[in-house]
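One structure below.
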Amino acid sequence: MPNNISFYIFAVGVLATATAAMRLRNPVHCALAAAAAFAGLAVIYFQLDAEFISFAQLLIYVGAISILVIFAVLLTRGSDIQPGVELASPHWLTGLAIAVLVAFVIAVPVCSSSFGEKIAPKMTVAPVKLIGEELMTRYLFPLETMGLLLTVALIGAAVIALREPEESEIRNPKSEIRKQPTTEELVAEVQP
Amino acid sequence: MTPLSQYLFLSTLLFAIGFAGVVTRRNAVIVLVGIEFMLNAANLNFIAFWRYGVSGAAPTGIMAVMFSIAIAAAEAAVGLALIIAVYRHRKTTQLEKLDTLKG
Amino acid sequence: MTALAEPPVMHEAPPSGTIWRLAEDRSSFAGPTDDRAGGLPDHDLLEVALGPHHPSTHGVFRMDVVLDGEEVVRLKPVFGYLHRNHEKIAEKNSYLAAIPYTDRLDYICSMTNNWAYVMTVEKLTGFQPPERAEYIRVIVGELTRLFNHACLVGFLLQDMGALGTPLMYAFREREKILDLFESLSGARMMCNYMRFGGVRCDLPDGWIEEAKQVVAEFPRFLDEFEALLTGNEILLVRSQGIGVLSKELAVNAGVTGPMLRASGVGYDLRKVDKYSIYPRFNFRIPLGQHGDVFDRYMIRLLEMRESLSILKQALDTIPAGPIVDPKAKQRGLRPKAGEAYGRIEAPKGELGFYVVSDGSPNPYRFRIRPPSLINLTVLEDMCLGHTIADVVIILGSVDIVLGEVDR
Amino acid sequence: MNNLDQIFVYAKYWLLSQLPGGVQSLVSIVLDIIAIIAVFGTCFALTTILERKGLGRIQNRYGPNRVGPCGLLQPMADAIKMLTKEDIVPFAADKVVHYLAPLVLTVPIWLAFSVIPFGREMSAIDLDAGVLFFFAVGGASELAVFMAGWSSRNKYSLVGAMRAIAQMISYEVPLVLATIPVIMLSGSLNLNKIVEAQSGYAFGVAQWNVFTPWGFAGFFLFLIAATAESNRSPFDLPEGESEIIAGFLTEYSGFKYALFFLGEYLGLFAVTALSVTLFLGGWHAPLQVLEFLPSWFCFFVKFAAIIAVFIWVRGTVPRLRFDQLLNFSWRFLVPLTLVNLLVAVVWHFTSLGAGLDQSLRWLISAAMIVPAYVYFGRALSPNRPTRIYQYAE
Amino acid sequence: MLGSGIIKGMVETARNFFGSYVSRERLTTVQYPEQQLAPHENARTIPLLVYDGDMEHLRCTACGICEMECPAQCIYIVKDTVKKSDYLGRMQFQPRVFDIDISVCMACGICAEVCPFDSIMMDQVFALSTQNRFSGLLLHKEDLAKANGYFHAIHPSDAGDIDARRDEDKRKAEAKAKAAVAAKAAAAIKSSEASAKQVEVAA
């Protein structure tokens, strides 16, 4: 069962890299591990015959979001971590307990239900053409909304991240340095 | 083929890992990554249920995931922009230090 | 065609009654850059040492650059890595033995270095080079200017990232001139050719014809060069408006040579000093208006064409005769006590030698005014506010040779 | 379909038929992988030497000609040199990331070749969303470049990596936008179908996309974006050696450097192969009389021609500055690709039996794209009057 | 229009590309070990010491002028203790040690210029690399000494001039010597005559 084996390999990989992304000290390492986890998920989508989603996942999560995260880390100086600074929040133990509880709560019904074994996968795949047609007919309104949302997000992100002119900027000595002295300033006439 | 429950388990664990990250880490950027993991876990569920489901030829799961990915992209962009903007003011991305409303 | 408001004039000397001096407050020249906190924005600054073994610092030269993003907010040139103590060695050696060392100042143009030095000693001793020797000096000097400018443009484009194609074309032409120099003086680069009161040896048979052929073929190379580069949009956007050097700053900082003329100051020692036999030749001095990298590039191309015209005239009219002043003495020269400052328009600017004699066989004091070093002093002023990529081409357009900067 | 055309396909099937049924599918995959690695590995070796020789000739010199006949074994010598060099890792470097970066760059790029049809019936996998796959696997190269630059703990490396990422992101937009007209008009993301859509001959000349106005403009826009995407001159800023030494490669040596080098060239090959597929009719012969030529031969001739153009450009132009580079993408390429999209739409709808003849369609398209080109070109480089130089006598 | 300058440049590089296959002038490379250009007659690299006939007849008289004038001070001379007869028959010292450190020598040619005995001249060898950078680059008298024939081969016109001058000197010297001998003989005869006279007078 090569399919099964590869699923387990990638599942373990995804879980390992995701754990690493949440546990490593250096945020850049975290972002890189997260990128690996996203790529592993893309492979799992591909196994599930959702190739379009798989490529979209690669393109958006690995190609765009990871890069964004890395840029954010670098811009907030996240990568120069001082030794001795606590990484985890003060209530990390409580948080971890809740997380384990959540996992348990979800896992129990999954185990107890039997549909996992019963339902055989149907042998239909979604060709790109079909997805396109659906997008243009049934999901037209969500698509347009999504376009709007993305535009708003783009503009919003740009506006938020734009550097506001700070007070210190106004008396920025750099501009003084750059100022070219005028002829009058530079050439002083001295009568002997 | 791998049974559906395996995918659901994977999704559960991924969600839990993301959640744990969100509630235990201090760095806001990493918290955002955790949220992305949780979204991805949900996406995996959508795809798995679509693949094993009975919804006929309609690519419903795929559609949901597509919109989810788009939202995730928008969320990441805005979220990271916010973090950077906050960092400019407070010179920190440590979440517990960002507890006052005054800038 | 835009006409200038006033016609360009040659400045013989600064206007009378006026002392040109630097204004007191030159913040860009302000002290050492060590006090990083003072006067710089507090957000992320990147301090980069460009050099001393950076690919495009033309040798062992360092620029300590403070970057805001990719923008230069402070730049400190650091040199001295190639210091060879030339001036002190010359004070220990005889007058003659200093000549081969001058070859190694600006090792691209040894002929003009020789020329400046022997001219100084001639001033000190009163030797008068014969007519033919003066012609030979002018010819080799202008040939030197030709290939120096060609190579400079090649290096500049190399700094712009043109993968050496223009440089290789320039070197191809330079080889022809170097062949001429080799058959004349025995060496391609370290010519050691000029002597007090003349030149070392006469032109070999057929040299004039070969030189004429090189001069006749050179315009074709210039046309090729211009077709390849001058209209190139990338070169235009990279060089226009970059590294502007204002007329006033250029004059006040003592910048000379093509750099000064690119800033629009008509000052060329060949016209001003009228040394040697330059007044006999008909040539013009091209002037820039903007003083940016593109002007400095164009001025060099135009100067090459003027040099070609001088060369044509000189090669056609060179007389026969002796090549060295019969009164001149090379070995064991003991000039009367005194001092002399000799200067010529070297390809890079005003190259001056100041020699003091106390009547002994070696100079009492020996100083050089290297154009490369003095042109380099305005580097920071030209670079501020530009990006690191511009710094590299601004440095390239200054035309420095580290042998001359560090001596 | 002559035998020569399908010789590789037949060879593969013959080989598979010799094997027991159980391993056939696995061996088939392995054979495809070996074929791609062998062919493009050889291409890499040949390109490095031919590029150096070609650049040499452009610069009026011989180029490497010492190792082997005409210097053709130079890549072997280079490989031996690279492999035997000391692999230096800076003391302060992030060792794991530093080690992984070349792998992350090189491995996904091999994947991109799997969807390209190199000849009739000659693509490794026939993916429904082939174009999307191509761009998706390309996304990892940005991460790899960042990893290399960041892990080296060198200022030049970091600046180079930042430049590279900004450049790749900026040029991915026009690159994708330039492919969209092709996808729209052939109605598929499948590269095999796109090649099929360009089959057929009119007046003995092939009906490739490049012979349509939108295809013509799109081809050049695509090539420019591809040049930038693969960090080639004049867009080789990430490793602009005269400014930032070698950019993100500064701290790499030996085999890791060779891997980066390989990765860069493979990236170039991949986009070149894609441009051949999208615009130059893939493996179709250019003229009907040339149809007897094997399809893979046609493909690789076009491939080599485009690579030669890249080399030619590299030998000619200087490098852009970084802000100019980004401006060029956002202010020139992106608007033009959008106009080109419009041209493709117009082209598509005028063909729907509106009774317009071909020349009128061309005229309309040209009337849209040429003014846009002139306008955006002007806007890009503000009016620079021709400089007049005065002479002082 | 945008791009026209780049296209012009590309035409230029294409011309050079094809030109390098047809025009010798464009492809100026000399493939060094196989092809070598003959050096120009004036070309100079390191100094050499000319001898006439055999090694025992170096022209050098160990006068030390070159040692003094060398800008890089790379010449080291020790005079021999015995004098030998030179080509004019004069008794001259010869160098016992004549070393040139060519790792310091800058091939300026001043030594050759100042040498009053036409002894030190400039060689044209350029493949000077050795395994040992100290002893390998310190050339001794034996390494530097070259026959006049060799000098003729590399600098024919210079060597011709010098030989002509030396022959002239030699001829003059011989004539002078002859004249001196004759004068001496004459003087001897005279003196003998005179002495004879004196004898006579005395007698």
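Each chain gets a letter, A, B, C, D and E, in the order it is written, and its residues are counted from 1.
Methods note: a contact is a pair of C-beta atoms (placed from the backbone, for glycine too) under 8 Å apart; a residue touches a chain by one contact, two chains touch by 3 or more.
Everything quoted here is computed from the prediction, not taken from an experiment.
Student: Please indicate the chain closest to the centre of the assembly, with centres calculated from CA atoms only.
Tutor: Per-chain C-alpha centroids compared to the overall one single out D.
Student: If I average the CA coordinates per chain, which chain comes out farthest from chain B?
Tutor: Looking at centroid distances, E is the chain farthest away.
Student: Have a look and report which chain pair racks up the highest count of C-beta pairs in contact.
Tutor: Looking at every pair of chains, the most contacts join A-B.
Student: Using Cα averages as centroids, what's the distance between chain A and chain D in whole Å?
Tutor: 27
Student: What whole-number Å value describes the gap between the mean CA coordinates of chain D and chain E?
Tutor: 62
Student: Could you grab the centroid distance between chain A and chain C? Build each centroid from C-alpha atoms only and quote it in angstrom.
Tutor: One centre to the other, that is 55 Å.
Student: Indicate the whole-number Å distance between the mean C-alpha point of chain C and the mean C-alpha point of chain D.
Tutor: Comparing mean C-alpha positions, chain D is 44 Å from chain C.
Student: Considering chain A alone, which of its residues make contact with at least two other chains?
Tutor: As it turns out, chain A has residues touching two or more other chains at 52, 56, 64, 71.
Student: Could you say which residues in chain D touch two or more other chains, in rising order?
Tutor: 58-61, 315-317, 381
Student: Residues touching two or more other chains, restricted to chain B: which are they?
Tutor: Touching at least two other chains: none.
Student: Okay, in this complex, where on chain C does chain E touch?
Tutor: Touch list, chain C to chain E: 93-94, 96-101, 103-104, 165, 169, 172, 175, 179, 182-187, 190, 192, 200-201, 204, 224, 227-236, 330-331.
Student: Would you pull the chain D residues touching chain E in the complex into a rising list?
Tutor: It comes out as residues 54, 57-62, 65, 312-313, 315-317, 373-374, 377-378, 380-381.
Student: Flag every residue of chain B that touches chain A in the complex, lowest number first.
Tutor: Chain B residues touching chain A: 1-10, 12-27, 29-30, 32-34, 36-37, 40, 43-44, 47-48, 50-54, 56-59, 61-63, 65-67, 69-78, 80-85, 87-88, 93, 95-96.
Student: Flag every residue of chain E that touches chain C in the complex, lowest number first.
Tutor: For chain E paired with chain C, touching residues are 2-6, 8-9, 11-13, 16, 26, 28, 40-44, 65, 69-72, 106-110, 113-114, 122.
Student: Which part of chain D faces chain A closely enough to touch in the complex?
Tutor: Per the stated touch rule, the residues are 94, 97, 127-129, 132-133, 135-140, 142-143, 146-147, 150, 165, 169, 172, 188-190.
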